[in-house]
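Okay, so chain A shows up in both of these, paired with chain B first and chain C after.
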Partner chain A sequence: MNKVSFGDTVRRAEDHRFLTGKGNYIDDITMPGQAHGVVVRSPYAHARINGFDADAARRAPGVLLVVTGADWAAQGFGPIPTKSAVKENRDGTPIAVPDRPCLAHDRVRYVGEGVAFIVAETRDQARDAAELLDVDYAPMDAVTHPVKALEPGAPQLHDGIADNLCVDWELGDAEATEAAMRAADRIVRLELHNNRVTGAPIEPRGAIASYDAGTDSYLMYQATQNIHANRNTTAEILGIEADKIRHVGPDVGGGFGAKNSVYPEPALVLHAAKTLNRPVKWVNDRAESFLSDTHGRSQYSTVELGVDDDGTFRALRTTTVGELGAYCGTVGAFTPTGGSARTQGGPYGFEAMYYSARAGFTNTAPLDPYRGAGRPEGSFQIERIVEKAARELGIDPVELRRKNLIPKERLPLKTAMGLDVDCGDFPTVFEQALAMTDRVGFQARKAASEAAGKRLGFAIAPYLECTGGMPKEHAVVTFTADGSAHLAVGSQSTGMGHETALPQILAATLGLDMARIGFTQADTDATPLGGGHGGSRGMEMGGNAVLQTAGEIIEKGRAIAAHLFETDVDKIDFEDGSFFEKDTNHIASMTEIIAASFDPERLPDGMEPGSLNTGSTFERGIISIPNGCHAAEVEVDPDTGAIAVTGFWVVDDFGTIINPMLADGQVMGGVGQGLGQALMENAVYDEASGQLVTGSLIDYALPRADDMPPMTLEYYEGAPTKKNPLGVKGAGEAGCCGAPPAIVNAVLDALDGLGVTHIEMPLTPEAVWRAIDAAGS
Partner chain B sequence: MPSISMTVNGQAVTGEVEGRTLLVEFLRDTLGLTGTHVGCDTSQCGACVIHLDGVSVKSCAVLALNADGAEVLTIEGVADGDDLHPMQEAFREHHGLQCGFCTPGMVLTALALVADNPDPTDAEVRHGLEGNLCRCTGYQNIVHAILDGAKRMRG
Partner chain C sequence: MHDFNFIQPKSAAAAADALAGAEDGQYMAGGQTLIPVLKQRLAMPTDVVDLSAIPGLAGIEVSGGAVRVGAMTTHAAVAASGAVRDAVPALAHLAGLIGDPHVRNRGTLGGSIANNDPAADYPAAVLGLGATVVTESREIAADDFFTDLFETALDDGELVTRVDFPVPDAAAYVKFPNPASRYAIVGVFVSRAGGAVRVAVTGAGPCVFRQAEMEAALSAEFSAEAIAGVAIAADDLNNDLHASAEYRAHLVGVMARRAVAEIA
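Up next is the complex of A and B:
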């Protein structure tokens, strides 16, 4: 019996499969008779399409189907809907949502936008035919810069949408913030750019689908992180009933938000499978991934901090220009508005806060959530302005932060942004992190670094974020008479380890053998609803759905046990995997109760065999508040601008930790992506041509093993949230919130005295060298 | 189409390929060995690393024709039946994988690295992974896994 508890490091069930090459990723799936589709993508950032000539492509060897944008439009399918939670501008008018077709037919608005879908017997044949499709483009002026796109005279992307503006939005009390700013001894200002990046999961997106004419239904596998919502939205586009599509997520090779959105391709694959009445597979290559995956971040902001000379924070005001790309993504309008506003100010106290954002359309790939989706932007804004304030005030940045952290006694509170911060202990977490960093030895290390011609820097960055994603989640547990169980959930791992952590919750709660719990996720046939993954919801939603379902199973088990013991239900207790009657020797293990649940002779009236099987929907009340503190030590070579991150320390308050090994993995992976954004990742469009110049892994720098520092992690477990029964707060996105400001501020600390007060991310050696050079000249 | 023969994971195989067929396509599409993955198109990610005549190579950068007559090891040939290789065990023990997509390439790179350098340092392992991208782990647990895998292999 493999007995487990909450808090145990349980090694992963999925690893044997992944380590032996038996993982089942999208391109590993083969359906009999499958054909291969490729998307023909626009080479222009902005152009009118005068027409298509598909004759040569249709005649190419092996070609089965060519669907041009014009063909698609003629079918009358719907646009790709947007589902942003922010639907109105500050004046109450609706945000501007242009139609986004699955294939463009009269105009393309970004490089990589699909204009045709070609299906052939083999992938190479489809690619060859794509070369033969003649699209008559008339290039137009493009705009790829989010600020310039909103300026008068900018090229206009959408007829009927003035000034490329999608949304104009605010949150907080502008007047109170202005009054607090005026009352403060000084206002510290900083303009900063949160650079545009992309999730870049190592597995590209793809889908394979079959159509059954007899039932007019589809089976689709997709490398996505949101099976139910994407199924429903894709059905909406095609004008079919959602339950005609069984949508399954196989093993998915990373997501990070980039596989959360609803994309055009699945609708094309379903349409082609039906049209040809044979399975159709489409898988992007890496170049297409860069062009057509959603990107994230991209905000130009002005941050103002009203602060007294003694370092007391009074007010915070952030004015942001965000970016949607060529169209509204699935929830794209939310990220630079509500998504960035709600955690403004981090874990610090303010009299007033105000957030104002405009976001518009550019001739670039659509933007949608990327790991953190607004919270990393907010965390970067507050931590950069605090660091700048410390320099201007001449106060130690550590002391300035310590002075302004919200004390534990003030919790719970609602922030000026309306965020419900229920629990936590920010000062304790801060001191815990600081104690890990060996500040005592810092001066000696700094001296040694300087002796070698380099400069050492340190920064500490507390963060406060929140969870999100779909507020409902479903779990189903089914048993067999031999005592084994099967768990199905609508939440989804794209690498996080739910196949281990969720059975761990079930096993720990019911006292079952983990080795005898099967697992299914991401299958619309397995659960009636599911929220997939996004907003660090895996434990908060999936975990609590499993716990709730287990609780209902225990209640049914008590009824069975009472019947077996010939006593009343209220005399039955459940503990440590067994039902027992108080003050008697009557005891039955969960395994025995499972066996009894299949035996009509041993069941109470009204319970049918198999009725221990339970499905339950957990509904979240209020999102939880993960928080913590990151610290970084960096060494800068002032001659080259090269940065080495030499130390990294993290304390996280994720509430209850179910499996610390998996939590560590989430933190370290998030730090990796945060470091990537801070130091090297940048999605760059050429402003003149609108071409993505970082369109390959040669040009878009992902962190490699020797870019990463040693990371030391601890948890603060003194504040499990009462917002959900497990007490969990969400672990997935925290790393992206803490790492960028910790690293950037540490670099600026290393350059202290050189006159460099700000460098925009990514802090490449060139950017650092130029900043030093400019400050010195 | 030309016919090629090679030994893959100890078994003799033959197949027909086009001149442009990549070794990774031959392994995946012709032989059905889908453990070798394709994550990019510029030989950057390393998800397709295999051993070709004992040397770790990116199978997306080798034409199948060029592997005619070669000895190939893929991830499917690393374990002994259901028993994981010590390096695979170390990856599992140290949580050196999350989504698993880069993992086959990581394991085969690690095995080649340790064959060259049975007792590597942390820095040598990190340098040795310069051709392999992982987007999930931040690499620390991969490095720990390879150090421990090397130790297990030294016995």
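Up next is the complex of A and C:
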């Protein structure tokens, strides 16, 4: 028997499948008679479409169906809606939401926007036909810069939306912040850019769907993070009942937010499958992935910190310009507004805070959440301004942070941004991280580095996080008489290891053998609802749904045990996988109770065979507040500007740790993406043509194994949250919050004395070299 | 990918014939450059002539003061070759810096130099060692081989069979890789043989080139200091997303000094 507990490093059940090429991804799924669809994408950033000539494409070999933007419009399908939680501007007027069709018919607004869907017997035939489709474009001026898009005279994207502005929003007390700023000894100011990046999941987006005319229903597999919500929205677009679609997420190769949004293609695939009465498969290639996946981040901000000469923080004000892309994505306007506002100020105390954001439309792919969805931007804003303040004030950056961390005694508190911080111990986490970094040895390492012509730098970056995503989650456990169990959940892993962690919770709670628990996720037939993946919700929502379901199973088990022992339910205890009656030798293991639950002879009145099977919906009260502290040591080669991250230390407070190895994986992956954003990743559009310049992995730099630093990870487990029964706080996005400021500030520390006060991300070697050069001249 | 005829000749002569007979033919060696452009539909040859079944095109031999590397020899084979490491360690080192293990196990010397990517590594070694490119019909000196951006002295259908690298007294290659592709943003190959010094620069310009001023300075005094004062003009250098011309000019100096310091 494979007995497990909370806190055990249980190895990933899914890895053998993944590592031996046995994963079941979209392109691995074949349906009998399947045809292949490709999206014809706009080569222009902004153009009027005068018409389509699809005759040649329709006549091309193997072609089964050509749906142009005009054909789609004629069908009268709905636009792709946005589900932004921020719906109003600061003045109470609704935010501007343009119609986003699944296929453009009269105007394209970004390179890569779909204008037609072509289905053929083979993918190559569909591609050949795509080259024959004649779209009459009249190019228009484009704008790809989020700040310039809001300026007077900029090319306008949407009729009826003035100045490309989607949302103008604020949070916090402007007057109190202004007063506290004035009262402070000084105001430290910094303008900074949070670079635009893309998730670049290893598996591109794709879907395969079949239609059953008899029941007028669909089966769709999709590489998505969010099957229930995406199914419902796609059904809304097509004007069909959601429960006519069974939507399944098979093995999904990464998402990072980019597979969370509702995209045009699934609706096209469903439509084509019904029209042709044949299964239709569509899978993006890597180039399409760069062009048509949602991108993330992209904010131009001014951050102001009111601080006294002794280092006491008084007030924080952030004024930011975010970017939506050509249309509102699924989360859309929320990311640069509410998403970035909530964790403003990090784990530090302020008298007042104020956040103000505008975000508008550009001729670029839509932006939507990318791992952290606004919080890494907030974390970067506060940690960069704190570092700058330390240098302006002549205070050790470590001391300045230590001085302003919210002490444990002040928790629980509600921040000026309305965030409910219930528990944690920021100073202890900070000291624990600092202690790992070997500050004593730093001077010797620095001297050695200098002797080799390099410069060593260090920075520490505490962060404050919050979770999010759908507030409900469902788990279903079904048993077999032999004692095995099957767990189905509506939360979803795109690689994180839920197939291990969630059965681990069930096995630990019920005392079952891990090896005898089957697992299903991301199938609308398996759970009535599900929130998928997003907002670091996997353990907080999925884990608690499993725990709650297990709790209900134990209650039913107690009733069965009481019946078997011929005693009262309240005399039955459950511990360590067994039901027993106190002060007697009556004992029955969970496995025995499962067996009994299938035997009418052994069940109490009112219980049917199989009634131990349980489905339960967990509903979140208030989101949890993960927090922690990152620290980085970097070595800069001043001759070339090249940076090596030579040390990285993390302490995270994720509350209860269910499986440390899986938590480590989340942190390392997040740090990898944070490092990527800090040092090399950059999605660049050419301002004149609106073309995506970084449209391949030859031009878009992703970090590789040899870019990763040696990492030491620890957890602070002294503050499990009471906001949920497991006591967990989300772990998925934290790495992206801490790593960019830790790395950037460490680079600036390495350059201390050269007069460099700021470098925009990504800190490419040339950017660093130029900053040194400019400061020296 | 568009459809094409796939031909796998068993001799160099048959390969040349196949290409001559094709409407728009392309040799394929490791396919590391060709296949991606086929997949992206940027190249649409009518015929692909695969060189992998031709005997004798792959292999390494050190003789007569030269390292002779067959055109179909993979980068991985050169990087791992004890003979190359003994004779010209810088050449093995360079091959080991190319791309990633997948690319190194497929990509070939012949494909690399025939393609003459401005950011490729091998052209720096070929030019920096003053190698000789051997084809079916003739021998071409390195100085004459690389003519322009993706252009070489090869005639249409001319097949590279081998490259002969003379063994120098000392050589070094220092590369500043592009973080995305790992091709060279700037790579400098320096060799010294008798009194002659060669400095070949890849990545910086449209085509690999020799840096005459550095060669002259190093011939007089072989030290990093000797070239510290050589100013590199940015005018004709590549200016793109990954690096500006000024930065590349600066890197040429840094990489060259580091290469010299390695062997001085």
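Basically, the second predicted complex is superposed on the first by the 777 of 777 C-alpha atoms of A that agree within 3 Å, B and C clash if a C-alpha of one lies under 4 Å from a C-alpha of the other, contacts with A are read in each partner's own complex, and residues count from 1 in each chain.
Definition applied: a residue touches a chain if its C-beta (ideal position, glycine included) is under 8 Å from a C-beta of that chain, and two chains touch if they have at least 3 such contacts.
Keep in mind that what you see is a predicted model, and the values were worked out from it rather than measured.
With both structures placed on the common chain, the touch criterion links A:680 to chain C but leaves chain B unconnected. Contacts of A:664 after superposition: chain B is touched, whereas chain C is not reached. By the document's definition of touching, neither partner reaches A:76: not chain B, not chain C.
In the superposition on chain A, contact of A:694 is made with chain C only, not with chain B. Residue contacts after overlaying the shared chain place A:160 against neither chain B nor chain C. Of the two partner chains, chain C is the only one touched by A:766; chain B is not. Once the two complexes are overlaid on the shared chain, A:254 sits against chain B while remaining clear of chain C. Once the two structures are overlaid, the count of chain A residues touched is higher for B than for its counterpart among chain B and chain C. Legend: residue contacts after superposition of the two complexes on their common chain; A:19 is shown touching chain B, with no touch to chain C. Looking at the shared chain after the overlay, A:600 reaches neither chain B nor chain C.
Across the two superposed structures, the residue set of chain A contacted by chain B and also by chain C is 124, 285, 287, 697-698, 702.
Listing the residues of chain A that touch chain C in their complex gives 124, 127-128, 131, 285, 287, 639-640, 642, 679-680, 684, 693-694, 697-702, 707, 764-766, 769-770.
The touching residues of chain B, when paired with chain A in their complex, are 18, 20, 28, 33-42, 44-45, 47, 74-76, 78-79, 84, 88, 91-93, 95, 97-104, 107, 123, 125-127, 129-130, 132-143.
The touching residues of chain C, counted against chain A in their complex, run 1-3, 39-41, 176, 178-181, 183, 241-244, 247, 250-251, 254.
By the touch criterion stated above, chain A contacts chain B in their complex at residues 11-12, 14-23, 25, 27-28, 124, 199-204, 251-254, 256, 285-287, 494-497, 661-662, 664-665, 668-673, 675, 696-698, 702-706, 708, 710-711, 735.
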